[in-house]
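Written out below as structure tokens is the structure these notes cover.
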């Protein structure tokens, strides 16, 4: 537990610090690099939260693809060095963010969450982890999943199964969405027609 | 009945699509208006006045919105209250068209709108479905707006907009009221024939909006249209800047829609509330009468002057309706009959006044009273017509105005004697402003630049003559109308607390 | 996925397929003028499939649960995420009609583009896919994806014109959309966190067990629902989430804006109805007051600010905000306090019913207006209201149709929106929201002022040039169909009224 | 480490992202801030997935075991959509840059009252 | 027995003439306009014959119960049109048709050549018809209708030369002032309707005049008692208010002198037989009701007497011959009212009858004078006796009759009034009787004075130039006025602000001395008038001499006419109206002492006037009465009543102040609120719209702020 807590606090401080850097540092390029750091620390959180698969995706897609995309974009536009200036809405923005934060904190603290009971926690961790790992039968039994049907259910309810099972429709839809977004992006990147002025 | 309502609209569309050439359009419009006049007179004469005849006659009814949640019908028909008003609309519509023969600007559109307007007003008077009523009520706005803002004069766009906003505001209130009436479990219908007989039920019914609220919602809409003080301020502007025919229609029939609504809805459907708030109607009526008359004194524009006098005269309608607030004795139909008569007679009288003033303006190119003077010598027909209308409006016996004013006063005197005395003073003021107007504009030495004025031509004189005949005819034989009105109003009397 | 599942989602597949097809055909076809025809024909597939589903639905409430045509024994995997019911199909048809008309009206505009014509139609169809999906979605993840799928192509289309204004519009659309969808996601997360599920039916059960003093019974639920509302508020363009609307309306291509204002708004209301009535009905007394407040704010702000506008599309941006307000009145009118202490919600079907009817009526009227604006704007090359001077002389029919559409937007009988407003306000009075109905009718009066100003400019002010305005046949067709629908709904509203009444059946909690 | 702590961390990230998206002039910085917000939401979802009981967990665990993964599935979709959003966003940023020679959102304000 | 149709014919003949002239002759045959005059004369002639026939029928006591026609149903009451023919009606018919006929004949000559000849006769026909309608009406609303028609036709006639501002203003003034009086009348009618149910309960019709008589009789004497108490007094005063307006009683008298703006025959008709007589007739018509109220009777008596004196004083100083006679008319009407008030019912009506003859005669004479001199200003007349002998003679006859010199007609009737005032009838308190008596006596002196002055200034002495001289003087005065004004302007540093108000009417102060009918009679041609004008005058002169005694012989039954014939006749009619008549109206015999007293009074007046005016050569320059200074000014300014009405009440208090305020309110408050609301709506939008800065992040900020506010709102609620 202690180890976990230490990691948690380190990750938390890194994530928050890097995030502050992203929004405060004037150099856009460095901000983009700090964003990668945020992404990576969030991936770390994911690992701690039994979401190993997500952590991988996070690193691959966010830290890898998206960040690189952004960094390219940053380099393609002018004023990289001092491109991240604040606008006139700084004060209200701080105010709004702080207010929203306090609301969210109140929600987090004051809500009577329907927490998983201690005895079930173990099973849930197993199932969630099973998304990326093969689970031994004794682990299942150790966590209290003793019957065959329960074990079978635990094995089948992997993330991938869900994506082509219960969530197949959003899965298909999001592929269309990606396609549409790419087409849209493509169209927008087209050069200006010759002779036209803004 | 349907034909009477829609002949003008059909004519309007025909003009828009088929008829070419200004001259043909004019003649065709006259023909359509004449046909509709004949139809409306036929409607009036077909109205069965015998004992035991149906209350609503010449009924045309088709299902329009079958849905249960908005069950509305296309439902036309007349009763004793609306039959004379339909005839009035036909009459004034014809006169307005004939008086528009000189219009040169955008002739096709002009007659299109004018005829459409006639359909709308006819519809308002003859529909028996609340929703349809509201549709016609709104439909009338567009042509009027167009007529004022395109063919008007002065600050025409401002006036047109003011007219529009005022009326829409009023009808907004009415819409809420209509909806609430429809949703009241005991009523639950747009059918006005049922509503008017269910009026008594409403005394005790628990409804969404308190009954008094419904009453005032309707009242606001109609009071704006009437118009009554203090929501009259659209009227002088609209009248002043409208073209002659539009003024005639506006004063002659559009204002009557307000009075008709008050009688049909406020009295007919909320008898208990009408009784309860009769004092307020009387108060508003008396203020309108006196205030309108006093402000009229100050006017220097002929049309504006007549417009304010309309405010004054429409106050009498309110007083007539307020007569139901009788405290002792048996309620008679007199006051309501007076109010209804006032609608009709004021329609003819003001129509004639505007026709005459329109001619003056066409020929003398000014309506500013200090610039006029001595016109009677050059245009005796016009001056005579205006004088006759003026005398009728100040309640000269033998002319139509007297009958309605007398009935109103008689009815109201029984309920509210002292306010009525004040209102009677209004007719002295009427004598003041009418005669003073005559003196300044038509009598006195003639100005040189008016030496070549010509009197009304034969065509121009036709509407004048028609109106004069109507005014004198009603003055001599008012029973022609009062009997019919009484048939229409008697059922309302039965549901009023003081009556039947 | 079974055949039955494929059958259930076939309209969406058909629509997405049509989108792809158009884009692919763009690569091979040289006569770009054929593209709109392809796109239009592409609509036939989803239309046909929707029709089949509509007839198939005769007896059952939800096709996902089982259909006559393709019987299935296994429970469908789509059961959580989708409900293909009459409600969804109503919006399928609405979206299809809007998409078809917009494609017709776009031809003239798209023809001026040098490239990417196929993509234009493709993106519209993609967006339509998302919209249809949104109307049927019953699960938060699906809802989110559908929202994004319907929005993103529109974002791209808003920036399509490759001009400064268009790009700016797209950028604003994107950023505001992203911020609000982030907030919405947070709200969904909180709802998920509290209820442990993303399926509306299960959320409903969960919410039903909540008890607490504060509204919605619980902080997580309260904040979650509010943040969820941000996303929906953005889509329906209600105050205070409306700020992007006028800018995008002014900057984006007009046909896209037409589609945005009609179809996007309609399905946003669809999902709003679906989520709140089937997911959160037990706390409906809480959100009903929210909707009432938002409705009033939208009507007032939209109508007041519209008064001063000089750009017609910007004006329509504000107008659409105001209309969102009217429709929200119907939302708020769907429930009524009942029970001994007035704490129990009573479902009033007339509220959602009026929303659906109004959406249909508004679609007809607003499309008519926009098509007229497209036809006029393409020729006079301006959106400024003052440049509309004398249109009545240059093209009397266009001017008349636009005037009629504007009158409809005011709510003048006998046009569609008159019945719509009547119905909405009827519902409001029915739900004891008389004050809201009065705010509504008075703001309608205010709206008359600015709509009439356009009519006045067209009819009363002299034209600067006598040149006639020519309009291509496709635009005429779109204009004619939309205008006819507008008048038809106004004069004989029975048909659409019946449809909307049937369509709200599945919403009954 | 607890649910509350996780949620608060996520909320802080979200607030920072919100601040950034509201207060930065550069369009790319704003896009980055929005990504921060999406990440915060993901974090929230995953944390909730771990700690909060899925719907009807108590009734029959075997039938509802997949429920414990819903939050993670949601996060997967959000990541995907975020990728799409960034792609489209960059496209628009480039289009805007080409048309206005600027990626400064304060300067790009031609559309206003 | 006279058939009903014949009585209707009396009314319809002039009305038909009006229609024929107005609708046929005037529009289509205007070149034969003489036809219209002849037509009217002929029809009035026939009407006169029928009137005589009616009188005969009444005298013979035929049953005069006629069918009524229902005109309008109002509630429980019915308005029915019909004829009411009794003794009063019969006498009035003779007066109206007779005088009217003579005036029309006179007009044939007087109006010759006027472009509005046909129009004139059309109006005249309408005027006569309405007056006959008043007389014949059996229903109070019918009566009211004709009553108003009399007002309108007088409006048309007074304003006949409408191009003259003074005429138009006078017409308007006449109409409005009589209308003010009519409000009382109308309210009285409304009160009747209020009690219609009570009437109906007694089987009566609230609007039927004989029924009203019945209703007013107290139950104690066998009446119905539906009307009574204070309400009856108010009702009576309402009736009187209408009568006072028409008959020019104080304070509604000021229109009558101005009404001289009409053509002179019109004045003759208005003043002698129709309009002003209508007021007296109205009181007489409702006498069975009014006499039930002692208070109302007192008011009538006192106002009548006061009017008699006040009008006479103003008559003293007028220089316009028609104005002198106008005030004389007001004064004489005061006599009649006073007589009615004290209960001398038949005396009043007898005086009405005789007055009709001699006042018509005097007016026609004045017209004749004007025909010769072109002016009505007596300061420009004089010496006409040499040129117009016949006119002179008939005028003197009329004047003597007016003064009440035996044996002229006026003497007899005035004497009856004096007698009636002297003897208390018990209807009013004694002091009312005495006060009335004294005032009437004073009035006799004054009457004699101004009448003598008038005759003297007109006919005696040197001729002073007529219209020509007057115009020359006016021009000089204008010149002087202009010079004076310029001088004043030069003196004043700042010009006077020009009043934005148009003048309400022509100033009455100027009107007095302005040339009348200048456009009509052009120039001076001193000669006798043509025969067509002289003939009616002669007829009237004969009547003015003999009618007094013949109609009401005091001493015996000479000429086959019973003693006190007309008085008895009328009183009989009054008694016939109701079963039992309250009070004790009786006919007093001729009183030698009182007759002497009144004759002495008249002689005193004559002597005073003769002393002042006889033998003065230069009476143009200065009137001897001007020596009275302030008093003279007060009188010649008509006690400032006109000025009070027009300048203070109407123009300043009402028009400038009250109307101004209301108008200001209308423009700035009622309309201002609307415009302000519009302004707010138009500007509120842009103010909100200003938040739309184009900054995309502010939009996001608003979203966040909005949701925060909503959450906050929920938490607070």
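Each chain gets a letter, A, B, C, D and E, in the order it is written, and its residues are counted from 1.
Going forward, a residue touches a chain if its C-beta (ideal position, glycine included) is under 8 Å from a C-beta of that chain, and two chains touch if they have at least 3 such contacts.
All values reported here derive from a predicted model rather than from experimental measurement.
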item	value
Common touching chains of chain E and chain A	C, D
By count of C-beta pairs in contact, the leading pair of chains	A-D
Most widely separated chain from chain A, with each centre as the mean of CA atoms	E
Distance-maximising chain from chain D - centres being C-alpha averages	E
Inter-chain centre distance, chain B versus chain C - centres from mean C-alpha coordinates, in Å	43
Inter-centroid spacing, chain C versus chain A (mean Cα positions, whole Å)	31
Whole-Å gap separating chain D and chain E, where each centre is the average of the chain's CA atoms	97
Separation of chain A from chain B, taking each centre as the mean of its C-alpha atoms, in whole Å	72
Per-residue multi-chain contacts in chain B, two or more chains	165
Sites on chain E at which at least two other chains make contact	686, 689, 692, 694-698, 700-701, 704-705, 711
Multi-partner residues of chain C (at least 2 other chains)	141, 144-145, 148, 152, 155-156, 159, 162-164, 170-172, 175, 179, 186, 190, 193-194, 196, 223, 246-247, 305, 308, 449
Those chain pairs that satisfy the touch definition	A-C, A-D, A-E, B-C, B-E, C-D, C-E, D-E
Interface residues, chain D side, partner chain A - complex	1, 3-9, 11-20, 22-26, 28-29, 31-33, 35-36, 39, 42-43, 46-53, 57, 61-63, 65-66, 68-70, 72-73, 75-77, 79-88, 90-95, 97-100, 103-106
Sites on chain B touched by chain C in the complex	64-67, 69-70, 131, 134-135, 138-139, 141-142, 145-146, 149-150, 157, 161, 164-165, 168-169, 172-173, 175-176, 179-180, 182-183, 208-209
Chain A partner contacts - residues on chain C that touch it in the complex	1, 5, 9, 12, 16, 19-20, 23, 77-78, 80-82, 114-116, 119-120, 122-123, 126-127, 129-130, 133, 139, 141-142, 144-146, 148-149, 152-153, 155-157, 159-160, 162-164, 170, 186, 190, 193-194, 196, 218-220, 223-224
Partner chain E, residues of chain B touching it in the complex	162, 165-166, 229-230, 232-234, 291, 294-295, 297-298, 329-330, 332-334, 337, 369-370, 374, 376-377, 391, 394, 396-398, 402-403, 406-407, 409-411, 413-414, 417, 420-421, 424-425, 427-428, 431-432, 435-436, 438-440, 442-446, 478-479, 482-483, 486
Chain E contact footprint on chain D (complex, rising order)	18, 21-24, 30, 105-106, 108-113
